[in-house]
Amino acid sequence: MSQPISRFPVPELSGLPEDLRERILKVQEKSGFVPNVFLALAHRPAEFRAFFAYHDALMEKSEGLSKAEREMIVVATSAINECLYCVVAHGAILRIRAKNPRVADQVAVNVGKAEITPRQRAMLEFALKVARGGAGLDDSDFATLRYHGFDDEDVWDIVSITAMFAMSNRLANGLGIPPNPEFYGMGR
Amino acid sequence: MSQPISRFPVPELSGLPEDLRERILKVQEKSGFVPNVFLALAHRPAEFRAFFAYHDALMEKSEGLSKAEREMIVVATSAINECLYCVVAHGAILRIRAKNPRVADQVAVNVGKAEITPRQRAMLEFALKVARGGAGLDDSDFATLRYHGFDDEDVWDIVSITAMFAMSNRLANGLGIPPNPEFYGMGR
Amino acid sequence: MSQPISRFPVPELSGLPEDLRERILKVQEKSGFVPNVFLALAHRPAEFRAFFAYHDALMEKSEGLSKAEREMIVVATSAINECLYCVVAHGAILRIRAKNPRVADQVAVNVGKAEITPRQRAMLEFALKVARGGAGLDDSDFATLRYHGFDDEDVWDIVSITAMFAMSNRLANGLGIPPNPEFYGMGR
Amino acid sequence: MSQPISRFPVPELSGLPEDLRERILKVQEKSGFVPNVFLALAHRPAEFRAFFAYHDALMEKSEGLSKAEREMIVVATSAINECLYCVVAHGAILRIRAKNPRVADQVAVNVGKAEITPRQRAMLEFALKVARGGAGLDDSDFATLRYHGFDDEDVWDIVSITAMFAMSNRLANGLGIPPNPEFYGMGR
Amino acid sequence: MSQPISRFPVPELSGLPEDLRERILKVQEKSGFVPNVFLALAHRPAEFRAFFAYHDALMEKSEGLSKAEREMIVVATSAINECLYCVVAHGAILRIRAKNPRVADQVAVNVGKAEITPRQRAMLEFALKVARGGAGLDDSDFATLRYHGFDDEDVWDIVSITAMFAMSNRLANGLGIPPNPEFYGMGR
Amino acid sequence: MSQPISRFPVPELSGLPEDLRERILKVQEKSGFVPNVFLALAHRPAEFRAFFAYHDALMEKSEGLSKAEREMIVVATSAINECLYCVVAHGAILRIRAKNPRVADQVAVNVGKAEITPRQRAMLEFALKVARGGAGLDDSDFATLRYHGFDDEDVWDIVSITAMFAMSNRLANGLGIPPNPEFYGMGR
């Protein structure tokens, strides 16, 4: 596909600051391709660094929520923003991390019908309220999470992952970043 | 007011990493108080750093959009998410930067009725589309911005400021951060 | 500001019927300026009289709801209709009557985050349902108000104030009446 | 039907102020029954007087919009608020004034499918924008009305009738006023 | 009225397959006129046959839900799709089957205000959730129907009638089929 | 997966009427499994026959819209109803018929971002309006389809396929029919 990677100028790898180039080469080595969001955001190195520092702090943690659960939040909340990049790219990661080829399509289309635990459903329903703005969240919403065994750090993560991808969805939709074709079939 | 600063644990200044403490003392010195978002986010130093790095890259730039215009985007888009913290805190900054005691209330309540230029209105209408998700943005939306004289870097800023505050709004609503009482009267 | 007071012809004070002129001079004496809604509605004296008769019957009562509570209903419900005139003008009156410089901004942005009593929050949540049309109101909504100690006359007032400002919001938005600049800073 | 006329106390005719009793007897003589809204609002004589003064100023005019057109606005805008009283009672009056037994059901269900003129359709589409709050009305909306031949006084009437019934709908829904059974079959 | 029966070609009765012609003549004999949906759908005989086979299987049953209740579902759910044909034509049938000249207008405007039993209200509230897509239906929705005494076959009927008219509403709106004038006054 | 095929009784193949059993064995032979909708709807043989007669009349045509385009309409419109069964099952068929492993995910998430022709995009945007009820469709919507070369029979098909799946979506959501696991990976 010859679809452009962004509505904005995309820098050459060779002209990038060393830390960005390293990060990009590392993901390419791991995945076999460079996800478009890396190249698109590289247009602004300071923002690139902040974005991925935030991303890694929330998505690469090992304690608390599992990595599959973190990706589930991303896919479910990105779907309500119709963010093709995030649903497809993080859908791929979710399938791999959950070792389940169906769950990404399920949470993208209808969280209520997904093959997940009641605890995970409560997590996603809370995340969807945050994704829609979170203005009406009240004590009972937090109590429901506690009832399902989520502690303070887990709830912070649910809020923050959803918030961070509210940003990512709008960046991908606003900058016009399409998913790489490789993502569609990964983990099927 | 004795309202808590966050639904989550708020660290003591003395126990914070040096760079966070410095940043917080600096804002206190400048404003005369510590905006609650600094103390609330300090619970997670890595996320604090990423958040303010992103914030500064977008909000402290001198070229392109004026600083008042950047704050206008924040206030208009935070209002549709009913984010009290962001509307009140950035409303204060907007009044000061625009040297206009009315414009923050105006863009918070109804962008169409604000005392702003047609160019600024086009900027805010585009930002509101991004704030609502940005899924339907098409070439004509970008053409309207070009027609009003915004260049590539300006449009990137409009998208990114809106996206970054889509995150901030959800953090403030989800973590339960109230605006400091000082903000309400600033710049009136 | 030289913004027009209305999209429609605005009469000269000297040509108005005596009762309208008296009413307008009285409010000018009290406030130091003539709120734009008086001049705009004076284009139709019969409607002016009915409007202010209704307004005074609901807003100038001393028994039951406090005057600050009546204004709170106006500000909260006008905000969902994005009525700049009503939010700003009645926000000023609310600040003065509640002797609180923050509460108007709070109920305009997010009722759930305002520094008000649980009883006042129940009142505003009921009013917001009426403001959105009131078609789904059922016995449980009325029972909630009783539980908070509102009697028949209070509930009638909540319904009627909200209904009357559903009209005012649409008049101000439809006739194009901007708030006088004086309102923005009052009671801060 | 033994459905109550209001959720609130309904006064005896004999105990009412003379002007209210006269008004009510007059409508009874003309219609053969007392529309419930008269009895329900009589609980508050001052509000009753203001309500009907406003109503008569807008609905009983002979110049400009025809009386059928005024009722059309009421029925179309009351339908989006799901106000059973206003749709049924004013539907009856519309059928009689328009001498058309179908038009009330048509504008209540779908303005776009009604047997009305393009000018009337433009009028109702504008009214529906006002009914939804009117915050986004701009010059082009007013220009469309001018194009269809509406003058300043007509447009004022369209705005004000819609605004006044935004109030009436919320009063009828909030006070719980059902339509009299007689209205359903009138003008069929 | 000379309004066209459909945006698409309408076949001559004489050129129709025998089974369609018979069906149409039968309805004409019974009603005194041919409802427009028969002529409009006759453009595609195979679809005509499937449509009416489905319709008859759901609407002409004698056990379980009464025929009036089946029509109530049609009118209430067609109203939220603003389908003039279905509201008017099935409103007529509902008035006749329920022997009540008011109930069709009531369920079309506001189910909560209709003169129906609590069991019927529960049925319609469930149907409205299905009409809006049904994605969020959960065990508690089905439990509510059981509580009101609906068995498996009743619930299937509620789901299927609503689903079938979700189709009919879109066919009538998309093909542009107006109600026959005769329907408006039937059963009043 | 041991998820039930329906919230309602599912008949044994052996007890079904001959024509249903044949149809089901035929689809099993072709696909290697029985799609759940066949077994779920077999609970009501008359409705099963009408459903598949309608389905085949619209989805198995060779002239006009291609079979891939017909499936595109199904996937795009089922996504807005969050119908997991239809998105997943027809997504599989779309991938196969379009010989494109990405297009189903694309039209399910965001029609505006899909790798389709402008003509197909116009078709889907029209279909989405029908899916949302179709009440506001006007001459300009039909003119847009003509401009893209769709003739009367094509437009009828777009309306009718969308309408038929408005029904299917509600049946699958209301009866609780999950997609067979086989569908998720087909055509990838």
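A, B, C, D, E and F label the chains in the order they appear, each numbered from 1.
Convention: a contact is a pair of C-beta atoms (placed from the backbone, for glycine too) under 8 Å apart; a residue touches a chain by one contact, two chains touch by 3 or more.
Note that the structure is predicted; figures quoted are calculated from it, not measured.
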Can you give the shortest number of steps from subunit A to subunit E, where adjacent chains in the path must touch?
-> 1
Which chain's mean C-alpha position is the greatest distance from subunit A's?
-> D
Fit subunit A onto subunit D over the CA trace and report the rotation angle, somewhere between 0 and 180 degrees, nearest 5.
-> 180
Chain copies touching (subunit A, subunit F) - same or different residues, decided at half shared | same
How many Å are there between the centre of subunit C and the centre of subunit F, using C-alpha atoms for each centre?
-> 51
What is the distance, in whole Å, between the centres of subunit B and subunit F, each centre taken as the mean of its C-alpha atoms?
-> 44
Chain centre separation (subunit D, subunit E; CA means) in Å | 29
Flagged in subunit A as touching 2+ other chains are 82-83, 110, 135
For this structure, give each pair of chains that are touching.
-> A-B, A-C, A-E, A-F, B-C, B-D, B-F, C-D, C-E, D-E, D-F, E-F
Hey, which residues of subunit A end up touching subunit F in the complex?
-> 1, 3, 79, 82-84, 87-88, 91, 101-102, 105-106, 108-110, 113, 115, 178, 181, 184-185, 188
Any idea which subunit B residues touch subunit D in the complex?
-> 110, 112
Within the complex, which stretch of subunit F touches subunit D?
-> 135-136, 138
Please give the residue numbers of subunit B that touch subunit A in the complex, ascending.
-> 7-9, 43-44, 46-47, 49-51, 53-54, 57-58, 80-83, 130-131, 133-135, 137, 142, 152, 155-156, 159-160, 162-164, 166-171, 173-176
